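Per-chain residue numbering starts at 1, and chain names A, B, C and D are given in the order in which the chains are listed.
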Amino acid sequence: MKLTKRDVIAKRIAQELKDGDSVNLGVGIPTLVAKYIGDKKVYLQSENGLLGIGPPPNEDELDIDLIDAGKNPVSIMPDASYFDSAFSFGMIRGHHIDVAVLGTLEVDRYGEIANWSVPNQPILGVGGAMDLVAGAKKVIVASTLFTKDGSPKLVESLTLDSSGERLVNQFVTEYASFTFEDGKIFADDIYGDMTFEELQDKIGLPLTQK
Amino acid sequence: MEKLKTVDELEPLFKDRMRLLVGGFGISGTPLTVLHALPGFKAGDYEVVSNNLGDYGKGLHKVFEAGKIAKAIGSFFTINKEAVTAWSKGELAIDLLPQGTLAEAIRCGGAGIGGFYTPTAVGTKLAEGKEVREIDGVRYLFEKAIKGDLALIKAAKADKAGNLIYHTTARNFNPVMATAAATVIAEVDEIVEIGELRPEEIITPHIYVDYVVKSKYVKKGDDYVEVN
Amino acid sequence: MKLTKRDVIAKRIAQELKDGDSVNLGVGIPTLVAKYIGDKKVYLQSENGLLGIGPPPNEDELDIDLIDAGKNPVSIMPDASYFDSAFSFGMIRGHHIDVAVLGTLEVDRYGEIANWSVPNQPILGVGGAMDLVAGAKKVIVASTLFTKDGSPKLVESLTLDSSGERLVNQFVTEYASFTFEDGKIFADDIYGDMTFEELQDKIGLPLTQK
Amino acid sequence: MEKLKTVDELEPLFKDRMRLLVGGFGISGTPLTVLHALPGFKAGDYEVVSNNLGDYGKGLHKVFEAGKIAKAIGSFFTINKEAVTAWSKGELAIDLLPQGTLAEAIRCGGAGIGGFYTPTAVGTKLAEGKEVREIDGVRYLFEKAIKGDLALIKAAKADKAGNLIYHTTARNFNPVMATAAATVIAEVDEIVEIGELRPEEIITPHIYVDYVVKSKYVKKGDDYVEVN
């Protein structure tokens, strides 16, 4: 069965995770990454105060107290621990989370992202997004490469509100995975049904092939 | 147990325009019994510090619906559609803070720290008008500590002295809020004898807790239901 | 049996404590206060991470891990709790300790104290003294009224290093208990063998009787 | 258990002029096994962050006696007479901080906070050269966060993942130091299976702990004695 775009992205991101990594998965596509971790021993953190999220719970195991940052019921691993919100964000800001996987709306050519304000909507929610952008050791952002009207989310400069001046390490889309260096965009890995030239053409920005 | 009260006995503590610190993340760790009494109390015009404004029909959402909230300080109100509408109409003031900044500001408020420098939100709209300072080559944003008049928190167990422990992720903002308000009301599922909580496992020492209210809600799967 | 000067001071301070108070007792005379608390339910805090110090332990109960801030072995009360040093000083600075009882070397007429640097010695120790001065709701300082060479410890202005600009609430000596208001020294309670006039004469500063 | 090492296996982690964060208050909560190995290791010239420099003949005092400490940052060195002498002769640099400021600075270092404002020590000699800022009518002192290269801490139990719990007041500076160093070595009395520590009682989650060393010391009344 062919994977959906979202699953292609999630699976590609899962490749980046290493044994022993502590990982925070944002809502949306990042949540799907958990499906593709396989045998790797990674520790999933949730900013509401949990290290060691387990597999999705069965109906009879649901506990409204035990949820992730997306407010979904979760189970825990045997090595899990709970802590309060201040400690949890200390863990995030203090560079103790190896990888944060976040959704994004735009990424500029330096790797600065906009992932919290919704276009044409009042800005009334930010949650833990900016803390994760600022604090995780490595930030991977996940998104389909184009908006519904076909414009690329990889842009010369952000049109939406920035999530912080910290630059992300990687942008994984359904066509390719990108990294950034001094304003140069590297198409590190092209696995979708577009060639390097087609990608460059559609994005409208110079890309570099590694 | 002297600290144990019914929620109605606590009505005199609530005064107009007070700043309330309200624990919980979603419904997890939310003091539902106390919050659901607020629409019936005389006081209002509260300034509420909480991650968001409850879930639909539950927790702070009921207090908001009753027109008791003048201002909300938190990190995520997008899911509270009526709050967004009220904000657009100028009926509700909102101060938006990143969730980690919110948690840290409350912790600092409780720990006697006046303010702190966080790397979060530097270079964003949420940094507008705020001081940026470079410390050892990193740019940080200055944030002031947050304190409250009343904290409404939820714990799993209180012993008869008022020491608290929390259940799973229902801990969230509750322990820091317990330290940061002049008066603290803890809603709990269970009250146990002194000595039943080990001194190493206590998260909130009793001196932080002024009043204890027994919760009227019990968990039933992924919901809380009211009992008598 | 006549009480020693130190015991007179400790006993007088114990009178100030109320049921339900959380109290931090410094080393020296303040430690003796515990002997005179009697039936009052006060909660003794120790800045190394304990609320609820119990009576002195028996020889066979000694545990080198379980100590107070003066590094003496202690026991705990049934309602006690442990926490780390950062939380403990949050409790102190955050005004959650009702009364701190501290030793002092000097007190000026406004109630500013010097209680940490030793005269003619390098300044290499402060411990938790300044945190307690700055943070406790009420600060009571304890000391004999005169130094060994007879000079008063109640002074016009500090000659030793200040412990912070926060003014203390009460100064309890073996002769009298003093409070302070706008530079006026009140001899609230005189219980030693010196009269008000003798005290004023020996101290060499104007006193006010309440 | 991968993280479990003998102290000698850890020698390569120690390098000249590193900043070590060392837990303990008196001997309570001090990683004696690790500290007593340091005189025999090649590296030295350490900058040590610790409340004081151990008790006579124990803990950091041994490291100091071996001439391995170039600078000490802490709150109470008066009881370490040789340290005072070394300081007078210019052989030891000392940075003195109030104990609460020390604890908070380390916590901030571990929590990604760059600096903070404390009311402690305003108007004293320890405030000289430091910024004072008024926030809501109270004067505060600016203090920078403290981080370290290596943290040497002591816990009661580690599970095989490295989650830690502490015994009584032996907790002290250990949990905050566990968060504030690039590499963390935890000396423990006991190692237990994963699952034996309840997730609610864990104080230091395993991701903070890089290496675990089994302590050679056991408590005997008011002392620690070495066992084989």
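Note that contacts are C-beta pairs under 8 Å (C-beta built on N, C-alpha and C of every residue); 3 or more make two chains touch, one makes a residue touch a chain.
Please read these numbers as outputs of a predicted model, since none were measured by experiment.
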item	value
Remotest chain, subunit A as reference, centres from CA atoms	C
Rounded Å distance, subunit A centre to subunit B centre (Cα mean)	28
Euclidean distance of C-alpha centroids - subunit B vs subunit D, Å	33
Separation of subunit A from subunit D, taking each centre as the mean of its C-alpha atoms, in whole Å	35
Sequence positions of subunit A contacting 2 or more other chains	76, 82-83, 86, 89-90, 92-93, 134-135
Subunit D residues counted as touching two or more neighbouring chains	104, 107, 111-113, 118-119, 166-168, 199-200
Chain contact topology (line, ring, star, complete or other)	other
Chains that touch, pairwise	A-B, A-D, B-C, B-D, C-D
Residues of subunit D touching subunit B in the complex	104, 108, 111-119, 133, 135-136, 138, 140, 144-145, 165-168, 199-201
Interface residues, subunit C side, partner subunit D - complex	46-50, 59-60, 62-69, 71, 73, 76, 82-86, 88-90, 92-93, 117-118, 121-131, 133-135, 161-166
Of subunit C, residues touching subunit B in the complex	22, 43, 51-52, 76, 78-83, 86-87, 89-96, 134-135
Subunit B residues within the subunit C interface of the complex	107, 109-113, 159, 161, 163, 179-180, 194-195, 199-200, 202, 205-208
Subunit D residues touching subunit C - in the complex, by the definition given at the top	25-29, 51-52, 75-79, 83-84, 87-88, 94, 96-104, 106-107, 118-126, 139, 166-176, 203, 219, 221-224
